[in-house]
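What follows is a set of structures to go through.
What follows is chain A paired twice: with chain B in the first complex and chain C in the second.
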Partner chain A sequence: MEIMAKVAFCVYTAVILGGSILAVSSSSLVRALVGLIITLIGVAGMYLLLASPFMAFMQLLIYVGAVSVLIFFAVMLTRAESGGDESGRVPMKTSVLGLAATIAPAAVLGWLVMTRPVESIAVPTEVSIKQLGEGLLSSYFLPFELISVILMVAMAGAVLLTWEKREGK
Partner chain B sequence: MSALTLYQIVALILLCAGLFGLTQRRSLVGMLICVELMLNGAGLSIVAAAQLTDFSATLGQLGTLFVMGLAAAEATLVLAIVVVVARRFGSAQTSDITTLKE
Partner chain C sequence: MNEFIQNLIPLVVAVVGSMAWLAVNALVLVYCERKFAGHIQRRPGPFEVGPHGVLQTLIDGLKLMGKQLLTPDNADRFLYWLAPILSMIPVLLLFMPIPYGPVLTGMEVDLGLLLILAFSSFNGLALILAGWGSNNKWGILGAARAVAQTVAYEIPLLLTVLAIAFMTGTLNLTEITAQQAGHIGNWFIWKQPLAFIIFIVAMFGETNRAPFDLAEAESELTAGFHTEYSSMGFGLFFMAEYGYMVVICSICSVLFLGGFHGPIPGIEGWWWMLIKTYALLFLMIWARWTFPRVRFDQLLNINWKWLLPLATFNLLATALIMKL
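On to the complex of A and B.
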């Protein structure tokens, strides 16, 4: 079982790596979106490995099901450039500065993670859906209500932003 | 190397991919895709830290659920903003919407 977990971890890491490289480097936005979906599925596998199947299910439902479709609508509703939205060379200066902006926080965080390891337990604790529901309705009731208000406001705001008045009235 | 460190490194890879993409992309929708990558790295890091230590696992999973809800709300609003910008400027490229600067 130990070996199986390690193999699964390596497979999911490879899926995440490949997907994120596709998402970042592809010149066509639809292909970048496919890369994002591959990455999201890899992260869902990681949640399964961490003994939280409910989180994996929610990841597939919310991200792969809803957010990806939203982004696909955004791709379709904007006028696409011929030959891909991201075609053409990125200026050298932008690449170098972007790489520096990536490496700076990554080096700090990586150094912290590597030099100050936290003792981890071998077998992850499993949380039942019942416990999660009880948590939502007792200790974390306020954030639970706030997130519904935020979703409502975001939805109403999106409708308001894209509202078009009828001509001639 | 402990299991938690491995998961944190994967989350760090997701953060780096998102950050690098955010600086390279020239369209608003591409930038949105990179932001989603970074948010996923944050969620993975939170769940790994909660599941693999003595910390309350319920709080970790609920926190990641809230991150997912916020990501959905953010994607909705960004979609609306991108549609408004595309209608107003005729394109969703970042180089075309710099009129404030000139």
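On to the complex of A and C.
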């Protein structure tokens, strides 16, 4: 089974990388969004590999099913045409710098992971939703509540911003 | 490696089984739909091909496969053809965790209910890609409507499912069925009548069926998101739609009507599941030919002003009763 896990890891990595390359390289916003969705599906696969199917399904349900659809709405309503200031050829210097900016954190993180591996178990154990819920409502109670406060603030802020615009007309 | 193959074989059998089940259901349901429609409107329905027209859908399917695959000008080819495939593939997975009989379960998954909800959310994405990809105004309008609708109706649906999960303490469909064993009084429809009604209404909204079929309103949008699709491109959307209908009716019978358990103890089997699922499917077809299509603002008002508060109330009440 270990070989299968490695194969699955490679497949998911390929999906994530392919999706993210599509997301940053395509000129059409909708195709970029499809790239993002492919990446999110790949991440869900990684969660499955880590023996947390709950996270994987939640990732699909929330990100693929809801969030990306909302982004799609935003793209559709703003009539994003492909073509604009940034659609021309990118100068060489920018590409090189962009590549460096991508590689640098990956290299540092990769080096850290390879030289100082975290103590972990070889085969991940599955955490049941009951344990997950108890953890969220006992030992991680404060962060859990703080996250909901952040979401609340973000939502209120979005409403407030659109409200002011409407009054200005 | 041996163990791997042993795990793989039932999975392959289950996938092939659900493919066959889906195809057979699509054939039967299309025929039923046209026949019921005919009789409700006092005409015989399809009658020419085979006795009482039973072979009509088969011939229609063959005709559909023989047609040319057209891609409209200026359409995004990649997204245009991705959409029907993305609509169809998850349906096969959705049949896996549904217990159709005491042994007739594709794959017992602990989070089966969540798996179904997660993968069925791909459909909204497929519809919007189809509408956008075909570069057609009707398509985009239909897709926008379809998505506004499915995203909205998913919330009350999730809340009712959550109420059942609170009661049973599990998301495993096999276990939910097991808790309703015995006689008809143990079915969850008696304990959660409000949830059952909300689920039925949200079911119509979620599958884009009449009276909530605004997404493909023929009279105003030609066909909505699949206006431009020909041949099996359309065929896949069509099959996926019927697949989602069968899945959601099966879930409804598992959650509320006792799954494969009969109304009296001792007689259990896949036939009960089949009868219940088909009764619900008949209800959906019946509603389609009985109620006129609602307006879009009415559709969203029903959801946000009635279903959502009621479902929330139901969930809180369930939690309260569970605690007491």
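Simple rule for what comes next: the second predicted complex is superposed on the first by the 154 of 169 C-alpha atoms of A that agree within 3 Å, B and C clash if a C-alpha of one lies under 4 Å from a C-alpha of the other, contacts with A are read in each partner's own complex, and residues count from 1 in each chain.
To be clear about the criterion, a contact is a pair of C-beta atoms (placed from the backbone, for glycine too) under 8 Å apart; a residue touches a chain by one contact, two chains touch by 3 or more.
Small disclaimer: the values here were computed from a predicted structure and weren't measured.
After overlaying the two complexes on the shared chain, residue contacts for A:Gly98 are found with chain B alone; chain C is out of touch. Legend: residue contacts after superposition of the two complexes on their common chain; A:Phe141 is shown touching neither chain B nor chain C.
In the superposed three-chain model, the partner touching more residues of chain A is B, compared with the other of chain B and chain C.
In the superposed model, A:Trp111 lies in contact with neither chain B nor chain C.
In the superposed model, A:Met58 makes contact with both chain B and chain C.
When the two structures are aligned on the shared chain, A:Met4 is found in touch with chain C, with no touch to chain B. Shared-chain residue A:Phe73: touches chain B and chain C both. In the superposition on the C-alpha atoms of chain A, the part of chain A touched by chain B in one complex and by chain C in the other spans residues 54, 58, 66, 70, 73. Residues 1, 4, 28, 30-31, 34, 37, 53-54, 56-58, 60-61, 64-66, 68-70, 72-73, 76, 128-129 of chain A are the ones that touch chain C when the two sit in their complex.
By the touch rule above, chain B contacts chain A in their complex via residues 1-10, 12-21, 23-30, 32-34, 36-37, 40, 43-44, 47-49, 51-54, 57-59, 61-62, 64-66, 68-84, 86, 90-93. Listing the residues of chain C that touch chain A in their complex gives 3-4, 76, 78-79, 82, 109-111, 114-115, 117-119, 121-122, 124-125, 128-129, 132, 140, 144, 147, 151, 154, 171. Across the complex, chain A meets chain B through its residues 9, 13, 16-17, 20-21, 23-24, 29, 32-33, 36, 39-40, 43, 46-47, 50-52, 54-55, 58-59, 62-63, 66-67, 70-71, 73-75, 77-79, 81, 85-86, 88, 90, 94-95, 97-99, 101-102, 105-106, 109-110, 113-114, 117-122, 124-125, 127, 131-132, 135-136, 140, 143, 147, 150-151, 153-155, 157-159, 161-162.
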